[in-house]
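The two complexes that follow have subunit A in common; it is paired with subunit B in the first and with subunit C in the second.
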Partner chain A sequence: MAELGPSGYSPYPVAVYENLLNPPPGKALMFNEIVDEEIAMREAAKAMLTRDNPTIFPGPQVLYAWNEEAREKARLVRKMAEVLGAKIIPMYDYRPKYPKIDPEREINPNHPNLTIWHNNIKACIFIGVHCHYANVALKIIRAETDCFTIAMCGMAGHEDAMITLRDQHTEEIEKFIRIAEEVKRELGK
Partner chain B sequence: MSFKIFKINEDLKEFMPQEIIDLEEKATWGNPKRGVMDLPYSKELLEEHSLCAGCPESAAFRYILASLPNPEDTIIVNSTGCTSLVFPHIALHTVHSLFGNQSAIASGIKRTLEWRFPDKVKDVIVLAGDGAVVDIGLDCTLQAFFRQEKITTICFDNEVYANTGGQESGMTVKGHVFKMAPKGKQWDKVPMWQLAIDSGCHYVARLTVSSPKRVEQVIKKAIYVAREVGPTYVHLYTPCILEIGLNSDDGLEEMRRTDKERFKFFEYMTDAAKEVIERKKKEGLI
Partner chain C sequence: MQKTEQVQYNRAGQKIVSPEYLLFEAPRTKHFMTGSEVVKEAVKRSSVDASVSYPITPQSEAAHMIGELWVEGYVGVYFRGESEFGVMSEIAGCAMAGARTITTTSGPGTLRAMENFPMWAGSRLPIQLVLMARGINSPLSIQPDNLEVSFLLDTGCMIWHAETAQELFDMIIAGFVVAEQPDVHVPIITVIDGFFISHTREAVMLPPDDIALPPYNPYKAPMPPIDMEMSPGRFLRDPYVMKSNYISYATHTSWQFEVRAAIERSRPYAKHLLRGLIEEFGDPEGEIVFVASGTAAAQAKEATQILIHEEGIKARVVRLKTLRPFPTQELIQAVQGAKYIFVPEFNVVGWLEREVRRALYGHVDIPVIGSPRVAGGMTMPPEFIVKEILQFLGKEVKHVV
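Take a look at the complex of A and B:
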């Protein structure tokens, strides 16, 4: 199963090797279980609120104002960060950077582990990252860190994340924020 | 392309690194009059490069990227070689082809873009080294010229296979000795600019990158002619200072020296190309 924690630098740190596939529409994937979206959202919020240095990694699809939905999502990402008490570190493009990235300010999909190690991030949310690079980055994080990864995907999801929420648009993100506020109250934070 | 994709959402702007904010605010998008004179004041499309210190190719890259009249709608197709190490770092659409088939890839991209976006100008440029353009890819290069593909081909000629240790190439000068060519080259340098003319290119230029302003003019002419008339070819001498035993700061002098010899500025244009160039000059775009 897609266990939390390093896969021992496995050359195949890939969830599909463990028979994990993306959840069907309306559902979510939590570790190796298909669950209701709300349950997964609750667990995702809990992970972000209880683990060290929670961080949101917004990708180009929410960082740039290329359509109205992107603008709205950016506002919601900001709000989500406030509710979860999370840092925001952008994944603004996918070019490998020479000679090296500044891990305090950015995350690069070609070596996302550097940012996670440097900031000791134990829980993170990927949002607005194009699927092919989210796939690459989540595999690397899964193999080389003990970070709890949550993918909020506008499409079919990413089985390499610990929690996969699929078809996430503004309405769903608003729902996640509402749930996060509830969980926060329950935790007395 | 929509300029909106460069616009950062205000809600997340404070988290973005300065170099990305500069790309939105200080890069010269949407301005066909952009050129090398903007370099000191504007944000370059090449953030950093991974070439050797003092490599003339890096200068060539800066001048070419500063001279593109339409960077937001330009796609560069490159191939294996020193140049391909730079492409991941530039803020443009680039496609890495297999070694030598860059002109075939570019032909397909250009035709598809013309079909998909008939009302938009999309420039397709092949930018590759002498190994890819002249040796391994000569077939694809010439066939694209024969087919009159509307693409600009730019060859960075360093006269050697540099990043694999110094094997002779078709562009190596007769008699030159390299680490992997100890007996010296036995044959003459391929006159690629002449082959380009004979194969149907409408604008051909041969030069070094010692003069930024001249590089700008040549690149703009080549792109404007390719847009309207047919294939164009630019042959740039970008010496490999390591392989010819020079220091990092000797590249410019080497180019200035060859400016007077085998890379003396040479320009060819057909009547149709001349008409386009004159018109663009009148419009103040060249």
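Take a look at the complex of A and C:
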């Protein structure tokens, strides 16, 4: 993400129009810089540990036991929430919500700002959300809120998040939890 | 200890190889083929799951030959739609169910199917459409003309324009790979100029037909495939998303930008598999620069040879392989040093001239001339282009067209 807020003449910022693409394998994108994954993980942990109402938004790819990796990731998400002192609000599917979502309990990719406004969330992690819905939601969050967004993606990443971590599988999530524990100790929390 | 290699085969019994091996490394043999036959050869090596067809000149033969592949066991599902609208809707259903899909169309068929193309893009379906352009007008024409490309430019699909049957072969294979990247995952339209490529024979280098692309993995799709419970795209029946007075403008804005962002994300993948988004030809110091795509680029290359060798005029061609994404930075770089930019085209509106002007505006101060331009099936012999240049430069015209 190059900068927070409007981009050019559009009220909706889109990082690729600011010449940002997803990071190459092994690297991470932090604002408009390609950095080592570890550096991005430290900053992500710091944001989650120091901002108000940090929240993890797990998506269907970790919420449902599709396979062993999903089960393991789900376990790690709970551990991550404990370490970061974060709430978990699921994006459990992408179904139509009528008449509207309950922002206390869920987040919908088409209206993510409602959940963030309602809970006054200042930092969040997207994990296990299908890429299209993560991208749609991250653009809306960037435009409509002051929430610090972190994407932990099993694929190529999401350039509209403030911190993008790509190819995040169990090993990488475990690494993030270890780094979060270190940062927490450093912050005296 | 000796390393063991696991060999995988697709439904047709072809050995699965990497896209790089198939496109760059596998030994190739020479064949003499039409563009339509080349479509068959590319589909044969692409582990395609489904294809839907409908006849319209000049793509009918290619569609027919994909049907032959179904008979031979290379394509999983093949049937004829009720119309082009039916075809493009049915192929979307196949893609939503997680299939690798390809279809073909031409001219008015493209417009009959038009509503589906942005639907494909918004539903993030990596369908491949081979467009054998023939133009759109009344009275109907079946002659070479690529006006329909103009209508497709803003549908949210990637668009690549092949110059030769060889390039069409390579682009079809590369097109699946790029379109199916999880962070891209939008439709790919591979365009050729009908008849010039579809119905003429040329030498084509093909890899063996017992190797093929890895199958499509729909579990990496940015949207989950359709299931028994949910509507496609998971947005139907949501009053905040679909067609209501309570509609969320934020959702629609973000969704539309996301589709365009996906096309932008295709750049590095396309650059790798197409060996660059543009090709430069001729005298690197040429003051006359033709910016063209498809057959117009081929004709401009011939004209460039005449200008250089017979007229002593420094000329070059910047050929655009991709139209979406548009290779803006590459073009700005490539036209440096030019005195005049000519955009030869096979359509009446000059859609490429518009694109070139937009890309260069504010970056370079070089006159862009939308010429020569032919339409309705007229050919554009190299001598015709040369004459245009010579007249523009106030030089004697020796060539008779």
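Going forward, the second predicted complex is superposed on the first by the 179 of 189 C-alpha atoms of A that agree within 3 Å, B and C clash if a C-alpha of one lies under 4 Å from a C-alpha of the other, contacts with A are read in each partner's own complex, and residues count from 1 in each chain.
Everything that follows uses one rule, which is that a residue touches a chain if its C-beta (ideal position, glycine included) is under 8 Å from a C-beta of that chain, and two chains touch if they have at least 3 such contacts.
The structure displayed is predicted, hence computed values, not measured ones.
In the superposition on chain A, no contact is made by A:G188 with either subunit B or subunit C.
Shared-chain residue A:A143: touches subunit C; no touch with subunit B. Contacts of A:G26 after superposition on the shared chain: neither subunit B nor subunit C is touched.
With both structures placed on the common chain, the touch criterion links A:N113 to subunit C but leaves subunit B unconnected.
Once the two complexes are overlaid on the shared chain, A:Y64 sits against subunit B while remaining clear of subunit C.
Counting the residues of subunit A that each partner touches, subunit B and subunit C differ, and the larger count belongs to C. In the superposition on chain A, A:R95 makes contact with both subunit B and subunit C.
Once the two complexes are laid over each other on the shared chain, residue contacts for A:Y133 go to subunit C alone; subunit B is not touched.
In the superposition on chain A, the residues of subunit A touched by subunit B in one structure and by subunit C in the other are 93, 95-99.
Across the complex, subunit C meets subunit A through its residues 124, 181-183, 185, 220-224, 230, 234-241, 248, 250-251, 253-255, 257-258, 260-261, 264-265, 267-268.
Contact residues of subunit A toward subunit C in the complex are 10-12, 14-17, 21-22, 60, 93-100, 110-111, 113, 130-133, 135-137, 139-140, 143-144, 155-157, 159-160. Of all residues in subunit A, only 58, 62-67, 70-71, 74-75, 77-78, 88-90, 92-93, 95-99, 102, 105-106 touch subunit B in the complex they form. Subunit B meets subunit A in the complex at residues 2, 4-12, 15-17, 20, 47-50, 88-89.
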